[in-house]
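The next part holds the structures, each set out as structure tokens.
In the two complexes that follow, chain A is the common piece, with chain B as its partner first and chain C second.
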Partner chain A sequence: MITGALLVQALISGLLMGGIYALVALALALSFGVLRVLNFAHGDLLMMAMYGAVVLHRWLGLHPYWAIVVLALPMLALGWLMFVGLIRPVQHAGVLVQAQMTLGVSFVLQSAALMIFGADLLNVRTEMEMAVLRIEGVVVSVPLAIGFAVSLLISGALSWVLLGTDAGRRVRATAQDPDMARLCGVDVERTQRWVFALSVALLAGVAGCLMTFSHVVPTAGLQYSVLALLVVMLGGLGDLKGAFIGGLLIGIAEALAGVFLNSAVGPAVIYVLFGLTLLFRPQGLFGRGMEA
Partner chain B sequence: MESNRPWFGRLIAALCSVPLLALAQSREPITIPIITPLSGAGAVLGQDIQKGVALGVEHINAAGGIKSMGGRPLRIEVVDTQGKPEIARVEMERLAVRNNAPMVLGGEISAGTGAAAQFAETYGLPFVNSAAANSDLLHRGYKWYFTEQITNEDEAATWLALLKHLAEKAGGPPPTVAFLYEDSPRGSVSAKLAKKLVESAGFKVVADVSYNRAERNLLTHVAKVQQAKPEVVMWAGYTEDVAAGLKAMQQLNFTPYILGAGGGPGDPRMPELVGAAFIDKVHLSTVDYFAADSERAKRFVVPYTKQYGQVPSSYASIGYRAAFLAKAVLEKSGKLDRAAIRSALQGLNIPGSELISPFKSVQFAPDGHNLGAQNAVTQWQDGRKSTVWPPEIAVKPPAPLRGR
Partner chain C sequence: MQGYSAAQAWIAAAAVWLAAILVPELWGMHPGNILILTLLWAYLCVAWNLMGGLLGQISFGHAAFFGIGAYASSFLMIRLGLSPWLGMLAGGALAAVAAMLVGYIPFRWRLSHLVFALFTMAFDFVLLYLVGGLPFLGDVNGLYLPVGTDPWMLQFADRRFYLYTIAGLLTLALGLSVWLSRSTIGQYWRAVRENEQTAAAVGIDLFRMKQAGLALSAFMTALGGSFFAHYVAFIDPHSAFGMDIAIKLILFTVVGGIGTLLGPVVGAALLVPLGEILRTELTGGPGFAGVSGLVYGVVLILVILMAPQGLVGSLPGRWRRTPASVSDEDATPPAGVSFVPVIDTRAAGGTLLEVEGLSKRFGGLQAVRDVSFSVSAGEIFGIIGPNGAGKTTLFSMLSGFQAPTQGHIHFAGRSITGWDAHQVCRAGIARTFQITQPFPGFTVEETVTLAARAASGTDDAHDIVSRLLHETGLWSRRTVHCAQLTLAEQRRLEIARALATRPRLLLLDEVMAGLTPSEMQGVADYIARLPERGVTVVMTEHVVRVVMNLCGRVMVMDAGERIALGTPDEVSRDPKVIEAYLGKRSAVSPPAADLAANT
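After this line comes the complex of A and B, so read on.
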């Protein structure tokens, strides 16, 4: 029987998990909005950061939240190098070439993780892992709640940068019309390079949050890539607000499906939601171009 | 240019080359493939199986190889299926047609095993499964498919026997039961069969909740089970979903007695993933095909632990078992002919004392199932996995159902 408490439980867990999905998708939406290159290795870059959090914990005893700080810079550098070495050369090639390139990176990262870390599930055990808040019979996972807060914080900071700074204006100008931005004196390539590097660095934040309660395996990236693509397309390609709300919607839909449906039908709900959105709003829920 | 070598020189050279060639052939390894997911979502299974295979082959060859074939060493080719039935089918085609494999070993999950068995049947290729537990395949009338592994039906019967035992010992009203399982053929068939048995034995099933293995957050599913207030949860799952589900139970403060099946509940990494105290608290038990603390498993457990620095998982035992099963079949057939190998499989009888598993024997029935397959139930107690069922091989009694 489905009780009110169970429904509220599902809504809250879904919303919190959705916050983390939103952050994964936000990073992808940001890079797509500015570069117009769909990065299929997005989830695998996240997987690498998750392994980074595990390594930092095992070698230095660092809590995953501290790992965010430590990993941000190497991830930024990785994003920078990836843009210069792999993305830039195919940026003006066809969509299929771009897809092949980023899919290739995805396979390479997966294989590298399998070779280095093996297929075992790796996790980080912390005291906070099982911490919960009990409110009127509803259990709120503390790591999920913190993940949600981090997601809000990063999204807010990103919005502020994009709306309230010169750098943000350059990014928005590049996203709206690169040629016009160039004519106005914006160094488009430099902007794109920084945006891509930043979108990869943001994954350090997601990895730190995820590793407080989840685990990592070499194939974890694929799941997150698919999820991020769904969320980004649901919200409207390149639309940051859409990506954030799309993430929350997917999280809630997933949790509610667990309550109302049994068996294999549950995970299909998000694809049904996605299909219906594409059918009635092919541009996505908020697809009006790049907006902060 | 015409050779000026005398004719008798050629004759001597030819005569010498015959025994040399025969000697070379006698030392050439016999290659038998095993299909398993080395990559992809099921890679934990395949990677562990690979380690078990490597140790098994090392032991076999150190003991003189395949004696009925002049001591030729055994080589097992580990073939990656990525855990995908379509890849399993393609690899089977390659092995059967291009490589002319005399037999194929199975270390694959149920879905891939089904695809491979279908292909083996078409090509008349002996396919011996040591991993998948799905019993559906045995009802398809296949002639080239043999399974050494326990089946879902064996598992369900063992679940019920232990449940009855726990209920009898506890006294009072019979415990209420909930089913929680991942929805692949592995988990759903086990749960379906067990539910039927458990209900017919008079136990009340208060919840039946399934989930997809790929789901990241099982809090809602576990909350659904908790709401039904079962005393016992029967749970079939893999490592990642069982770890996620146990964490959800911990957060919900839900501590039923857990009778598990599948690779997850018995995974030796579970204390590291979830915490030893909690898995002790829920008496996490697994219907298993491997009991690492049994006397007969020592010849595998001791060198494995020494080599890899950890106690072997049940998955690793599949690899070791498969290697020795291949050896036994080749010894009996004496040749690499598919029909001869099938006959050897039909006439095989390996006594339990020669096995590392808790099986009574390996002896195949006409439908291909192992007549001697027997489960053990292992239970986490004080941070260690102990065999608690059946009584004849148990090293400890199972924890009581009530009064915990």
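After this line comes the complex of A and C, so read on.
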């Protein structure tokens, strides 16, 4: 039976999960907005960070939240290297060649994870994993709530940097018109390099939050990539606000689908939603008509 | 006409059949099974490449069509006892219909290639999860197919016949690719791939071409899916709709070379056996499970970095495509060819183009506001105005590239408001582009021939093409690729391309920009003679002097509005015009010469 309480429950859990999706999508939208490169390996980089959290917990007993701090720097370096070695050479080769390149990276990362960690589910056992808060009959998972809060915090910090600092203005200028930014003295390539590295580093935050209650398999990466891509398309390519709201919406839609449909079909809903959105709003929900 | 080489197809087919016959004889059916997979992937990549290579539309969701084929023929066989040979065709038809539904939104709305790619991928995921929830399709557990020895049921006791079946499919696919690439449709597809805007401007229906390409490719992919299902006798959502199928299709084709005949075959022939050998022979433990994927990914990255055209695409020219047939004789132009077949004498002197209250708004920006004017047959009509006046937007609306927000356009007595670019072209309006946009991979002659054929639907274009090339001085350059022309040559090619569609109205968008004075004079003389040959001209130009000399009437636009309309003399004395060009201070009625000198 579907009751009101069940719906409220789904809405809240969906919203909280959506907050985490929003951060994944935000990172992707940021790099797409500034580089015009859609990174199909985004989710696989997230998957790497999730394995990183597992390893840190097994070896050093670190809690996943600490893993965020420890992993941020290696992820930043990884993003930096990936940009210099793989993205920059194809930056002017057309959006589909870039997509193929990042698909190749995705293949490599996924296969490497399979070789190193095997195909089994890995997770981090923490005391808080099953912890819940009961508010007015609604059960809220504590790690999910904290994950939502952390994602919100990181997203807030990111928008403060973008809107309130000189570096942020350089980033936004590059996103809007790289040639003009160059004429204004912005080192466009350096900006792009750091933005890409940052977008990868942000995934450390997501990974830490996810590993407190979720698990990781080598194929998880592709799922997160696709999810983030759809959210970014939903929100209007390169639109950060749209990506964030799109993330929340997808989280809620997924949770509601879980209530109304059997678990096998449920995931199809977000893709149908994506198709319908494009049908009625081809530029994305909040798109300002940015061309890919 | 360029196209894939038939000789290459014969060589490839011979190699495929030689392998299909020899491998099981010499080494037995274990390598034979690897060969089956290799040929299946080669076939699927050829099908994908028809769309991705010839038409330039990259799909990330071909697994959807593969899966539809696999499930359709399996279901029909299990439930209705239908022969898979027929079920295969049913699955193919279903996939083609599904493909056109998927393509409808991105193609109709002219969304970017990336949106199309992601759209196909989303479609695949919908099917992946949906099929997993349908009990009559075996939900997540999949369908087992009955095993037997009835060839009519696509069951072979001698497994070599699976090999011959897929070799046959691959041979057909290669033949189809060659035939298609050399047909008129194939030529249109290549034009769409090279430059969609210009393709539409010469009368090619982008939507129909893309829908047809996607449907054909999906049909063929579904046949491959059916074959796979009956070959392994088992199908589940992940083996049919898994995203890795779509990714591998792209991967093998890119490695081999997108847009080449043999690329997909070579890519699959190298990587599938390599992957299979790594997967089966080297499996020393769980650690090797991912090694084939790792190798695939690394090979893809290396190819993109070091040989972006793919392995076959990086070979010397001869292997990529057949070169265009070059005839060097400097033929004299055929005399007396009227390149405007229908000169509507009734309309001569009457109104040809009538524009009423045309407006275009982009979000908050009013690019064109309530512009009305009419052009008589036989006129040369000029539109001038400072940068940002809305001239190019107005042109885009007249030629069907943008739909007006408000207002009406009538051409030769018909309303053409909201028509697509190719329809406008076929109605008799041709346009040139301000930023010249030829098909980079086409030769000059191919470009003009294509335009002549696409707009009229006839294949006989030789006379008009040769005449236009002579007239525009491009005859000696006819075998050169468009991308290698000088700017002045590109402008002339634009005019020749537009005229090849046999228009009654020619829209010239700044054809003089960047030309030297003597080049300008040549173009101007050519334009001046067009009306007597039945072509009415509407031109925008920055070089005001040229417009004033050529045009009988001139419309002046500023900030999206019409501010003056009249003879060059009247217009150049209009205080509003002078203000728009020179600013308020100078509004002390300078003579036309000043205006011309300052622009």
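The definition used in the following text is that the second predicted complex is superposed on the first by the 285 of 292 C-alpha atoms of A that agree within 3 Å, B and C clash if a C-alpha of one lies under 4 Å from a C-alpha of the other, contacts with A are read in each partner's own complex, and residues count from 1 in each chain.
Heads up, the rule we're going with is that a contact is a pair of C-beta atoms (placed from the backbone, for glycine too) under 8 Å apart; a residue touches a chain by one contact, two chains touch by 3 or more.
Since the model is a prediction, treat every value here as computed from it, not as a measurement.
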Field: Simultaneous placement of chain C and chain B on chain A, clash or fit
entry: clash
Task: Pick one for A:G258: touches chain B only (first), chain C only (second), both, or neither.
output: first
- prompt: With the two structures laid over each other on chain A, which partner does A:P218 touch: chain B (first), chain C (second), both, or neither?
  reply: both
Task: Figure out whether A:M17 sits in contact with chain B (first) or chain C (second), or with both, or with neither.
output: first
Message: If we overlay the two complexes on their shared chain A, which of chain B and chain C does A:V95 touch? Say first, second, both or neither.
response: second
Message: Contacts for A:T191 in the overlay, against chain B (first) and chain C (second): which applies, first, second, both or neither?
response: neither
Superposition-derived comparison: chain B or chain C, residues of chain A touched: C
Message: Output check: A:G118 vs chain B and chain C. Expected answer is one of first, second, both, neither. What do you get?
response: both
Message: In the overlaid three-chain picture, which partner chain does A:T3 touch, first (chain B) or second (chain C), both, or neither?
response: first
Query: Can A:V105 be said to touch chain B (first), chain C (second), both, or neither?
result: second
- prompt: Of the two partner chains, chain B (first) and chain C (second), which one does A:P267 touch, if any: first, second, both, or neither?
  reply: both
Overlapping segment of chain B (options 20-28, 56-64 or 110-118) - the one that collides with chain C in the superposed model: 110-118
Field: Common interface residues of chain A - those touching chain B in one complex and chain C in the other
entry: 110-111, 114, 118-119, 218, 262, 264, 266-267
Task: Spell out the part of chain B that touches chain A in their complex, as residue ranges.
output: 38-41, 43-44, 46-47, 183, 188, 208-212, 214-217, 219-221, 223-224, 227, 239-240, 243-244, 247, 250-252, 269, 272-273, 275
Task: Would you tell me which residues of chain A are touching chain B in their complex?
output: 1, 3, 5-6, 9-10, 13-14, 17, 110-111, 114, 118-121, 123, 125, 129-130, 132, 139, 141, 213-215, 217-219, 223, 254-255, 258-259, 262-264, 266-267
Residues of chain C defined as touching chain A within the complex: 58, 60, 105-106, 109, 111-115, 117-119, 121-123, 125-126, 128-130, 132-133, 139-140, 243, 247, 250-251, 254, 286-294, 296-298, 300-301, 304-305, 308, 362-363
Query: Given the complex with chain C, which residues does chain A contribute to the contact?
result: 38, 86, 89-90, 93, 95-97, 99-101, 103-116, 118-119, 218, 222, 226, 229-230, 233, 237, 261-262, 264-268, 271-272, 274-275, 278-279, 282, 288-289, 291-292
